[in-house]
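Shared between the two complexes below is chain A, which has chain B as its partner in the first and chain C in the second.
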Partner chain A sequence: MSMILSSTGFAQSMTKTDPFLFPPFAAAAPASAKDRALGANKSGPIKIFKHDPTRFDVTSCGSGQVRIVPGSTRSITRPFSVSIAAWSSSVRIGQLNYRVGSNSSIQDLIRLTYLQKRATVEKLMARFAADAPTRGGFSFDLCQRNEMLLKKGNQLPTFRKTGTTIVGLVFEDGVILGADTRATEGPIVADKNCEKIHYMAPNIYCCGAGTAADTEAVTDMVSSQLQLHRYATGRESRVITALTLLKSHLFSYQGYVSAALVLGGVDITGPHLHTVYPHGSTDTLPFATMGSGSLAAMAVFESKFREGLTRDEGIKLVSEAICSGIFNDLGSGSNVDVCVITRGQTEYLRNHQLPNPRTYVSSRGYNFLKGHTEVLSTKITPLKSKVEAAAEVDAMEE
Partner chain B sequence: MDIDLSAPHSMGTTIIGVTYNGGVVLGADSRTSTGMYVANRASDKITQLTDNVYICRSGSAADSQVISDYVRYFLHQHTIQLGQPATVKVAANLVRLLSYQNKNMLQMGVIVGGWDKYEGGQIYSVPLGGTILKQPFAIGGSGSTYLYGFFDQAWKEGMSKDEAEKLVVKAVSLAIARDGASGGVVRTVTINADGVTKNFYTGDSLPLWHEELEPHNSLLDILLASSSPEPMST
Partner chain C sequence: MALRGNWMYENNGGTCVAIAGADYCVIAADTRLSVGYSIYTRDYSKICKLADKCVMASSGFQGDLKALQKNLAAKHLIYQHQHNKQMSCPAMAQLLSNTLYYKRFFPYFTFNILGGLDSDGKGCVFTYDAVGSYERVGYSAQGTGAGLIIPVLDNQLKSPSPLLLPAKDAVTPLLEMEAVDLVKDVFASATERDIYTGDKVEILVINASGIRQELMELRKD
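Moving on to the complex of A and B:
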């Protein structure tokens, strides 16, 4: 679209042929599409005409004029050129190109550009809204784009992972689950004492590794589904039910829900221990480890596990495995949580071991003396007046 | 070293299905890996579809588990509607339909084997892409590349049950010896008119192949035998 900002009053008169144009400009007579009379001197109100859609350039005549070509950055008056550039680009997307010649004031032209732009954008939006069908569920459209960006070298933004050691083992009376308590955001410890053993049912607990949000959300969701199922059936939940719900959810998200879980529980059919991977595959094992510290913990299990451990032996082995992860894996740390599930009873031993106490504590304590902080200003608002004001509002009426 | 623990769980596997006079023998190793880490060293890759039909899974663990679950469900319905046990052909075709129609999203190759009263023991191979092939014997998985020549030489028609089982165990252990992505124990499932028998061969009961034996006449023996134990000095 070409525009002329002219202080000399030059104008190009050209007509609009598009119904999109504003009424004030509807009456102009048609002119040739290539009419870019340089220096033609015609006066009159702002007129708009349709130009060659592939290019919009500018005629310039006289001084104080703006030359604008597609993508051009040259301008004379900065505020005006900004609006022109915005206008040009929106027009370009919409494939509506106009050229304007005028000898009116800058204000008029700015108003015109704004109105034009808004109308263009509205038309575009209507067109796009009609194209896109409403869909539910996860849209994988942007996944290809993300992969392409990764290949180009961009980094995905990091999210909080639990960088974890989680373990589970089956002992003579049931199942013991263990987890560390460190939550990391890249290299920083976001939470020194988080809970990674999540409740699923009174007899089923689930340790989660991977993205903290994903493990929380997926275990909460399945826990609710299990509760509803218990109401519907009137029976205690089974571990295999939780497993199927988790596995089908994770599979349908094709690994994008980054939750690696150790699911354990005791139900009417006996003790069960399963691992669930982010892509939806599961394994059923007598002892299992997951998370970044899984190799360290598995080493302990492989050397010391045997069938038919007693409760104390089991707790001790689980704690050893978690400690191995805490001390040898950078992504795991802080304390050891243990959960013992047996037929009819579950014990959640939160912070069963604290092998990382804070070693330096100032003996003098921390005290902040008066006068050490500068008070810049004081404002006192009595809350009484606010409460009274609220009471005066009428109650809702039917 | 970078062990990518979030890589999809894949079963770089060896799976075998062999017909014999009266039934079939299915065999598989037991290693499931995520990248370079062995996530499960004792997995069971031979999954039950019905009482008389089993499936050996290879490829992506998640994909093959989900497809097996769907097929088990459909076969259960089909059995109820039919009023008699489903045939192996139907089971294999259900697997094939799901595999072919979702070929863009799935990555798995399976072997379906079983026994029914119409055709006896049958083996159907459903590799990547969703083809279905009825064969007297089938091999699949990453370790199967080392077994084509072996089977060409060792396979024969009309073996007995023990011969067939020995063949399967020998073949899987050969593949385990040569393929890094296969390992653990060898599981076999024998299906015939009498029912199903499952067997399990631990690593130490498998025959050793030549590269696994003690090295003889190595340079180390010569050095240690001689009087100077430390050839290098600081």
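Moving on to the complex of A and C:
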């Protein structure tokens, strides 16, 4: 049997920390091997030694090194080597028998050995894993792999962020929330008219900025929890309940749930307006803005806000603040959504303002002439044969 | 263009488009100058008239664009003194390519389109990358909205595979009015989906009688 050291190409994908390759309880390979020497594969770092097949041994496999002592007196140590290939002429993994012949490439043999080792290790590990209790929350097991991929040049898939302007203010009868309607994926607008004001309870609404999936998920989850709480207590939900649920959830995820929220509502204790940050901190304010357009909107609020606004004044101010974000911030745009919450009544004014109509529509229209799209190949599959197969099934059932 | 760590350059966004016709050339660029998520100004011209029948539009880093425009204007002036005539569009195209490649190892961060009429009076459009590789084409788009615009222009202007139909001429058979209409519509569409494109679009039409300019409003959000 020939003894093959690793090809560097394959070793790259199995690093020192690979548990299948370098398990803490590595066993030495059995010494009886009667295979023929491998054919000439003279590529680069692979060396082939022909020697007495009965006299080779693996000395250690646990520290990232494989020392191979062939029948001859030469021994070679290589860091990060793959283990010995082909202890026997056929390898049995599960139900399958992989046969190694003289035409096998080195890669085949290396892979077979890897598979065999892996099958053994998996069986052993399964016994240990079965005892571990299941845990909820995020599992950070793949972080190391992700880092390795990043170093290799792979890019992580991007999230869709909303790049937003959201605002809230307290007026004489309650709370008014406002939001723009643009969702961006980097520099591209993914949704021109999305909804950023989320329902929490009949008297509580929440605007969300940050990663769209996070704001949706977190508000849906807290909304469900509030409803269950309402059934349990038989009372209207309070804004601070929603606030506490949100902040404790976000804090426990240490800022990884990227949701920046403006929570507002009116309950038995009065009107409330809060902001919630992704790390879990909160503020209670008479007027608040969040998102990439928050500075533009806050500029409007700081100059025009006063206590005790009427409903119409409040709606006008909120719309102005959102418009300021829409026109001055590139991450916000399209339309203005407004939500007015008062004691006993909520009005959701979807698309309260549409200040951005499309400026030009071609009167010519577009022709898509036949022949403009090249057809490279055509394949027609008659369906008749499928009908026959169905008839056969029926016959068997009878 | 992610140049976040790159203090020497800045991407000011924007889109330019040019279409060549049988006896005219349309060049257009939006007028928004932005950085990050903010707008610097809504009224910035990215188009520069280099010669009588030769106009350049660029998107990218406007600081480099200003320097490039001055550079070309100076070289053009010298040419006029030496040859007693204006530079033709293909000659200016070569000059621009050489100027860009001269700074191969500290490039002008500009994505240029040159448009005009060649010596026969036919429309010509030359499209460039940042370091001077150029090609004469029938139409082109550069900038942040280019990815949204080029597929539409390909569909409307490009001849399909010569295997199916005989190849069309590089210049489009569209009339001048139709080409301007297409450019306006294509900009309005790009504005809907690209945050860096908007405010206004400046459209220049170059034909035998001179250069005509038009300004169209776009979405300001």
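We take it that the second predicted complex is superposed on the first by the 209 of 398 C-alpha atoms of A that agree within 3 Å, B and C clash if a C-alpha of one lies under 4 Å from a C-alpha of the other, contacts with A are read in each partner's own complex, and residues count from 1 in each chain.
Criterion: a residue touches a chain if its C-beta (ideal position, glycine included) is under 8 Å from a C-beta of that chain, and two chains touch if they have at least 3 such contacts.
Everything numeric here is computed off the predicted structure, so don't read it as measured data.
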More chain A residues in contact [chain B versus chain C]: C
Partner chain(s) touched by A:Ser292 [first = chain B, second = chain C, both, neither]: both
Partner chain in contact with A:Gly371 - chain B first, chain C second, else both or neither: second
First (chain B), second (chain C), both or neither touched by A:Gly255: first
Which superposed partner A:His279 touches (first chain B, second chain C, both, neither): first
Which of chain B and chain C A:Phe140 touches, first, second, both or neither: neither
Contacts of A:Lys247 with chain B and chain C, given as first, second, both or neither: first
Which of chain B and chain C A:Arg358 touches, first, second, both or neither: second
A:Phe327 touches, of chain B and chain C: first, second, both or neither? second
Intersection of chain A interface sets (partners chain B, chain C): 292
Of chain A, residues touching chain B in the complex: 210, 247-248, 250-251, 254-255, 258, 260, 275, 277-283, 285, 291-292, 294-295
Chain B - residues contacting chain A, complex: 3, 5-6, 8-9, 32, 34, 37, 39-40, 42-43, 60-62, 65-66, 105
Partner chain A, residues of chain C touching it in the complex: 34, 36-39, 144, 148, 155-156, 160-161, 163-165, 178, 181-182, 184-185, 187-188, 191-196, 216-221
Interface residues, chain A side, partner chain C - complex: 163, 182, 184, 187-189, 192, 292, 326-334, 355-356, 358-364, 366, 368, 371-374
